[in-house]
Amino acid sequence: MAMKTTDHIIKLENVTVGYLATPPGIKSLIRTRYIVLKNINLRVSRSERVTIVGGSGSGKTTLLRVILGLLKPFTGRVFIHEYDIYRLPWRERVKILRKIGYVPQDPFKSLNPMLRVRDILREPLEARGIRKYEESKIRSLVKLVGLPENVLEMYPEELSGGMRQRALIARALVSEPEVLILDEPTSALDVSVQAQIINLINEIYEKFKPAILLVTHDLSIAQYIADRIVVIENKEIVEEGPVDVVLNNPQSHFMKMAISSYKGSIDRLE
Amino acid sequence: MIQRLSTTLNRSFKKTRFKIGLAISLLVIFLAIFAPYIVPRPQEGLGYVPYDAEAKKLLPPSTEYLFGTDLLGRDLFSRVIMGARTALLQVSIVVIVSLLLGLLLGVMAAYFKGLIEVLLNYFTEIFMAMPTIVIALVLRLTLGHGIHVTALSLILTWWAWYARISYVYARGVVELDYVILAKLAGLHSFKIIYRHVILNIIQPLIVQAITDLGSVLLEAAAINFLGLGVQPGYPEWGVILYEGVFYGGGVEVFTRAPWLIVFPGLFLLLTTLGFSLLGDCLREEIDPQLRRRWHLWF
Amino acid sequence: MVLAIVMENLKVGYIIEDEVFWAVKGVDLVVEEGTTLCIIGESGCGKSTLASAITGILPPYALTDGKLKLYDRIVISGQLRNYSDVRGKITAYIPQNPGTSLNPFLTVEDHFYYVLKSNFKSSRDFSKKIAIEILSKVNLNSSVLEKYPHELSGGMQQRVVIALALATNAQILVADEPTSFIDAYLRLQIIELLGRLQRELKKTLIVITHDLLTTSIICDYIAIMYAGKVVEIGPREKVLRNPRHPYTKMLLETTPILGAKKQLKPIPGEPPSLSKEYQACLFLDRCPYKNRECHSDPQVQVIENSHYSKCWKAREAPWL
């Protein structure tokens, strides 16, 4: 299948998504739709760094699941490389999704405790049917993310939080993705390790220039890894724009509150 | 937290209960394997009546007949020891088959959801509500006598139990990020199920199976005791008890020939105890909650 | 100057599977009455254990050593612990995750009732009155009383939990990571609330946190903990502007601040594991300023009045 060249790697058009549930009481006879996000329009271009911010429970993770092909929206379409992924047969969809590197949120729950790191890193290749074990490639990736070589033999329980997060990033990079999706990459980590991961992400960006879609509730992270900020509040996108513009001139309620909260702390400290 | 198997075993070895349980279990396994070679009268163990049976009926334990003889003059010792083989065979076949069947169905229901999930819940509920004895009755009537009746009745009951447990454990795992990552990578569903789901739930399942061995043994003995499984004469502890009570004259057997009841009963008890101790110790090691040792509060 | 808390070489460890892990490896600390102390450190540094030791909620399998004195009550002396009439009377605990600390089967009013009943043997009506009063202090109105915990937002739950701690009328309040489970943009409100309450009610407040930025607003003193020891303690301004321990300095540099897009300097390596015993300074592996004397555990260096640091180079401070 010829890959069409386009500037938008990810495009969401009028996406409304949620889940079906049975409400309590007499209404339980009908399954109703609970809407988590509505009318989402989002574009991520090649090599662009987009950060999605919002309060917890605002639907950021749901948005990622929609993009990853795990949750079909009620209405609207999701395009990856101009292919509507929810209209594709499973086999084709998988091929497209391989170009996405996903780094999940909780490093303590994202690695199979029964597998060695080597097998974890190898899995995307294995899934593509690549039998030959590309040792050198995996080794160089391990080095790139700042892990010692002997980590390949270890089991996840032997790794610290920061190391696990790096392993997850390495795994996301194995298939040479065009877009990296990171879900709260630093929330589960100590402050001293947080900076390591932020710097690592920026290093990777400098080297491979993938598009980056980052989800966080922490604005200070956003300023380090973003060209553009998208703000989600009340189930919708309420603000969007270049990072400096939004941070200096917030329009939405969330941003105003968030920034004043930060500024308040800093003012009092200075 | 999943521990390595070696750590679990190492820690279990420190406990006396484990050593006792292991010793008993190994003894039973040894008896099961070598029974025909160590028993003085293996033919009688299998149920054949000796030639001079009349003179030998219901002899009390002596140096010649360690456990005495039964109603037809057979050496009880041989029968009971050979019974270890039957016991182990019954128990392992039932548990292994139920476990595998239940595991497969439970895990698929949790992973694929939808219709399979609904059907599984429905059928496990039905099968768990049916008493094993009733199933045994039906099978006995359709299939006649035999150890396969016992085994089949038990499998038909226990598969649902393992299916339920597997389903619950698998549900906890299926939503985890590493499964999502594997799906995204495009790994084949069955590979995902094996590598990410089954590998992570197999440990508690095996421990559960070991703990269940005792119960299964008692249930099997019960079915045979009621005459719903093997025929009298077969080397099986439950059926030896059956003969003792039903042919030996009911309650009088306790005063007339207690050895007929005591020895098979004792072996049943000890074997169940051995398996249970083993399972208990292993479960303590695996379950992090139980590990907050109470006996550490000196 | 009344001392609310005095710690002398306090050690707290946990017995896990026949081994002892020392979470707190010898802390000397004094806290004046009516002040706020922020104990800042990363995960595994022992700060939560310290909070548990002060409030008296150490588990039975914990081991202690050293001395802990609250006002004039000695609660920890060597291996003995005695918290009778201390828990809920002298100290109150504000837990980390209010969602899991509130009983989902009880309304807010019930919570107040049980707390006040156990401490003051009050009746329902009385406790309701007190509840309304205290809730107004945390900016919640009385409609909250009939709600169940899951009907409240995270911020409201946190306030309820703070109010419950206030209801005990304890003099020492220990807030364990009060902002970790709150969204970033709501943290300021909660912290300011705690600060205001502390000043108004003249309590002694201990805030345990890893969030250097937000929490240091309300403290009078800051204590930095690393791997079970307090490595620096002093008045807020001094510690933040004039850090006398390399870890403090590096922590300040590695914390991202919105608006100031400085280069983030990560601290290489990881915090040491609890199980190992060290003779050397615990920060040795990650410290860029080390030299030979750092192979023995640093003594406390007095910088100036109430500003102490555990680093051989504290006086010269080559990092400033």
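Think of it as A, B and C in the order they're written, each chain with its own count starting at 1.
The criterion applied here is as follows: a contact is a pair of C-beta atoms (placed from the backbone, for glycine too) under 8 Å apart; a residue touches a chain by one contact, two chains touch by 3 or more.
If you're wondering where the values come from, they're calculated on a predicted model, not measured in any experiment.
Visitor: Would you mind checking which chain's C-alpha centre is most distant from the centre of subunit A?
Guide: B
Visitor: Contact counts by the stated rule: is the higher one at A-B or A-C?
Guide: A-C
Visitor: Centroid from C-alpha atoms only, then distance subunit B to subunit C, rounded to Å. What do you get?
Guide: Roughly 53 Å separates the two chain centres.
Visitor: Distance between subunit A and subunit B based on Cα centroids, please, to the nearest Å.
Guide: 49
Visitor: Quick one: report the Å distance separating subunit A from subunit C, using the average Cα coordinate of each chain.
Guide: 33
Visitor: Considering only the defined contacts, which subunit A positions touch subunit C in the complex?
Guide: 55-56, 160, 162-163, 190-196, 198-199, 217-221, 223-224, 247, 254, 257-266, 268-269
Visitor: Help me check something: in the complex, which residues belonging to subunit B touch subunit A?
Guide: It comes out as residues 1-2, 176-178, 180-188, 195-196, 199-200.
Visitor: For subunit C, which residues count as touching subunit A in their complex?
Guide: 42-43, 154, 183-189, 192, 210, 212-214, 216-217, 240, 250-251, 254-261, 264-268, 270-271
Visitor: If we count contacts the way the header does, which residues on subunit A are in touch with subunit B in the complex?
Guide: 68-70, 94-95, 97-98, 100, 102, 104-106, 109-115, 120, 123-124, 126-128, 157, 171, 175
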